[in-house]
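The structures come next, written out as structure tokens.
Presented sequentially are two complexes of subunit A, the first with subunit B as partner and the second with subunit C.
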Partner chain A sequence: MRNVLEIRDLRVSHRGKDIVSGIDLNLARGESLGLAGESGCGKTTTALAVMKLLPEGFRQEGSIALAPEGSDEPIRIDRRTEAGMRVVRWRHVSMVFQGAMNSLDPVKKIGFQLEEVINLHEGRSSGARQRVEELLDLVGLTAAVARRYPHQLSGGQKQRVMIALALACGPSVVIADEPTTALDVVMQAQVLQLLERLREELGLALVLISHDLGVMAETCDRIAIMYAGRIVETGPMDLVISDPQHPYTKHLLESLPVIGGERGLAPPIPGGPPAPGDPPEGCAFRPRCPYSDEICFQPPDLAEAGPDRLAACHFSPWSKWPVLSDASKGANP
Partner chain B sequence: MNARWLSGKVAAAVFTLLFVIVFNFFLFRVMGDPTEQLARLPRATPEEIDKLRGQYGLDRPLMGQFADYMGDTARLDLGTSQRSRRDVVDEIWDALPWTLLLVGTGTLIATLLGTWMGVKAATRRGKKTDDALLGFNLFTYASPEYWIGILLILVFAVWLPILPSGLQVTPGAQFNSAFAEILDVAKHLILPATAMTLMLLGQYFLIMRSSMVDILTEDFITVKRATGMRWDRVVNRHAVPNALLPLVTLSAIQFGSVVAGAITIETIFSWPGLGELTFQAINDKDFPVLQGTFLIFSFGVILANLLADCLYFYLDPRVQSK
Partner chain C sequence: MTVSAITSLMEVDDLSIHYRQDRKTLKALDGVSLEWKPGEVLGLVGESGCGKSTLARTMLGLEEPVSGSVLLEGQAVTNRSTRSALRRKVQMIFQDPYQTLNPRQRVYEIVTEPLKVQGVEKKLHQGRVEKALGEVGLEPERYLDRYPHQLSGGQRQRVAIAAALVLEPEGLICDEPVSMLDASVRSQILTVLLDLQKSRDLSLIFITHDLSLAWSLCDRIAVMYLGRIVETGSAVDVIEKPQHPYTEALVTAAPVPVAGGGGRRELLKGELPDPSNIPSGCPFHPRCPKRFEPCDEIVPQLVSAGASGQSAACLLRGRPGEESADA
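Here is the complex of A and B:
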């Protein structure tokens, strides 16, 4: 297996409704992949499926294969039992969670919580304490933080601890699920730079989940855009940004504010995303798409749309986006 | 432990106790003239009543009586029982160990069992174990303690006469050894302690269960699971210590109801503790004893709250830095 992580036809359903409806994802060694999309499109669900941490009542199908450095045979996560997953989690794939504020046990010291995980995977040894200091140093915290309780740290410090925790057992893949949403702008930039630096230094593969394309453009090599439980466009970051091949991607990019550009609100995407598990017939973006046509009632395939690129739009590759008059811009019925 | 924090808490407790002592004095003045009860001899003449008033200092001005009362209380002189003519302090001193034994045993078992069942139910939420535990605990929680007590006597002392129905030792029994005596007391303790446990169990269970259910939805629980930790370790090392926090506070607040329960249960089982002493004193309108037991109960509740604060301080690091 060339890639460190390969997801094939992943489906996650809840009470018979598809939350994630058949996605393929590849993650090369040392690569950073951005997974973008609006709230409720299935980004976090995909991440939890990789960890096999979906709450009760969720069903996952499809193959997830993980090939950590030096392993002969890829680990088939989809075939692992709960007990079998315990040795895969954190050892090979770890996660930085969304809510930095509540991700640590409030009544245990930071050092204890880090050591606990190291001991869990590497057996009890005297090296754990030393390793905690190294990890804290790695994420730019002093060794004294180990003796603190979570409430004594700032949001940024807590998120750094969470990153240190994610790196504690030297995983091949780190999934960062909106790691900066709870932080202020300055902290956001610092945490992202830290993630990017660590990825390069440690040769990790990183999946960065966010709804913020601006954040991703700075850190990711490749991007996958999700909409209503499917991937609608994927490709190298710079190409996707400069020449989007799906109307949804185009809209996401246009909704970013431009520094030095015109004052005022960025144009929103008309309408709202469909409820999870309940997409409209045909192309899920059709009701919000200004370019939609009769053909869009047929579901589009994720097809080649340029070198190393895929897009799920009947009209792709778009050589030139048609200019819309103001009157026709907006949601089609 | 932070000395300043502790001294603040102790000062608050002492102040509360002082308030109770003052309140106790006026409470019993409001309840009527004690000589009415003292002079129960039929056809007591007004002269005799006046004489009694003089004896007890009840003819003195209220503030003078109050000063006497405060002075006596400070010297731990709580007066004389009108029924037994013994010092109230001695009466309380005799009854206290029995109450401590009963309340201590009941509370200990109820806390351990209730907490354990709460954890089990919360981790199996919505499943049959949860339903069964919830049903059982709601039943005991809703049952009045006198009913439970009578039912226990009926089943284990009348129908299956395997346990004594009351008292703390077999009357008139001679024991060859201390061990035999302890065994006899233990045998007498089983039923009242069970009643006490069943009375308290429900609330510990319900609080622990809901607290655990809350904690188990917290982000850090998912994080711990994601690190590959065994579920039972996540529960025991991370969820339980957090879920115990509200239990500590609530059990201190609930300590007052423990006292109320002790009065009922001790009376039913003729257990010679403070509860029975109180009940007897109420029946006999024995004001000095009542005043004494009120004081010791208040002291118990205040002490329980102080201990809960200290325990909370130890359990929750977030309190320590404030």
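Here is the complex of A and C:
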């Protein structure tokens, strides 16, 4: 297997409704992949399926294969039992959970919490303390942080501790779910730079989940945009942001304020994304899409839209975006 | 504006807020002066803990300053009657629409509450509430009887805006109004606010840590650091030609959604110092890449620098011959 992670036709359902379906993703060694989309689009669900940590009542199908450095046979995550997953999680693939910096135990010192993870997964007690110091150093914190309680740390410092936790057992793949959302711009940029440095130094492959395309543009090699439980566009980061091939991607990019770019606001697209598991018939973006037509009542395939690029839109590849008249803007509420 | 004599909706003059904490003094605001003009979109920008929310709360009379004054249309806000006028004329919305709405009240009750508090005649309530909901793009007949848990994040923020608008204020202070919302909902809410600014000549204050948002929305911005304003001016001037190294650092930190992103850039090191232990001299000097000899001794004052109407509190500025320090 050439890639460190391969997902094929992943489907997650809950009470007979598909929350996520038809997900194919490849992650090369040392690559960083962005998974973008709005709340409820299925990005976190996809990540949890890879970790096999979906809550009870969710069913996952499709293959998920992990090929860490030096392994002969890829690990088939989808075939692992819970006991079998325990030796995979954190050692080969780990996750920085969304809002996790608030889930540090408030009455335990940081050093204790890090040691606990190391001892639990590596089963050794000597050397754990030194490993804690190494980890803190790796994420740019001083050893003194080990003696502090969570409330004594800033948001940025706590997020670094969470990243240290994810790295504790030396995984090949780290999934970071909205790692910078609660942080302000300076901290956000620092944390992104840290992830970038770790990727280079440790040869990590990174899956970065975010709703913020600006954050992704800086860190990711490739991007997959999700809408209503499906991937609607994927390709190399620079091509996707310079020349989007799905109206939803185009809209997300236009709604992003850019310093030095045009001031003011792009016209918003009305409505919100559909509820998980309840997409409209045909193309899920159709009701909000200013370019939609008769054909959009048929579901589009994720098809080639350029070199190394896929888009799920009947009209892609778009060579030129039609100019919208005011009347057609948001004409389909 | 019919009254031409009024040049500012609100003004704060040399405002300071200090808290006592473990026998230390925490200077949340330290000598802040700022003008908010009618119809203006003013941005307050800075990192968490820089005092931008405290400034907004003080302007609304929610915090008691130790010194300095708050003026509404040229009149000092000092007693109950001026304070009550302030509440009618200036309203505020907050970051988290999941926490600001009472979960046990229906939309109608939430939006009516300010009318009750201000003693507006009861027969006017229904009409005013429906008008306010209409202005934020919620059809009254569909939403009046809903509870907050039946609304999405964007709809909740719209309800919060409606509750702020129902008194027909002249100014609205928005404290990180969209930082918890998704991209498409975010632009909807911002569009609602900017449309109101135009249709009602509403004055807006946007509190944000995101300079790119300030870039796209604000007429003027004030950059804050450790309880002080370190730079102010028109949004375009301040962001395109920052005169304070801190503003420059914020511009650098803003994400750039173009191929290659921000590239290898020099980021500000460290975090905001403890506000109960503000560094001597220029409070920014320990993190400043351009600091020089007297920065740890002299506290810089805001002086004109850069474009007209722009000023910065940096020792590099305002002295002839030293303006070529731009990178």
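We take it that the second predicted complex is superposed on the first by the 322 of 333 C-alpha atoms of A that agree within 3 Å, B and C clash if a C-alpha of one lies under 4 Å from a C-alpha of the other, contacts with A are read in each partner's own complex, and residues count from 1 in each chain.
Please note the rule applied: a residue touches a chain if its C-beta (ideal position, glycine included) is under 8 Å from a C-beta of that chain, and two chains touch if they have at least 3 such contacts.
Computed from a predicted model, the values in this text were never measured in an experiment.
When both complexes are overlaid on chain A, the residue A:Asp24 reaches neither subunit B nor subunit C.
In the superposition on chain A, contact of A:Met237 is made with subunit C only, not with subunit B. Put subunit B and subunit C next to each other and count what each touches on subunit A; the higher total goes to C.
Of the two partner chains placed around the shared chain by superposition, neither subunit B nor subunit C is touched by A:Glu133. Contacts of A:Val215 after superposition: subunit C is touched, whereas subunit B is not reached.
In the superposed model, A:Ser94 lies in contact with subunit B only, and not with subunit C.
Contact with neither subunit B nor subunit C is seen for A:Glu122 once the two complexes are overlaid on the shared chain.
Applying the stated contact rule after C-alpha superposition, one finds that A:Gly155 touches subunit C and leaves subunit B untouched.
Counting contacts as defined above, no subunit A residue meets subunit B in one complex and subunit C in the other. Within the complex formed with subunit B, the residues of subunit A that make contact are 51, 53, 85-91, 94-95, 97-99, 102-109, 116-117, 120-121, 149, 151-152, 162, 165. Across the complex, subunit A is touched by residues 47-48, 152-154, 182-188, 190-191, 194, 209-213, 215-217, 235-236, 239-240, 249-262, 267-268, 271 of subunit C. By the touch criterion stated above, subunit B contacts subunit A in their complex at residues 218-220, 222-230, 237-238, 241-242, 245, 315-318, 321. Here subunit A touches subunit C in the complex through residues 38-39, 154-157, 184-190, 193, 211-215, 217-219, 237-239, 241-242, 251-253, 255-270, 272-273, 288, going by the rule given at the top.
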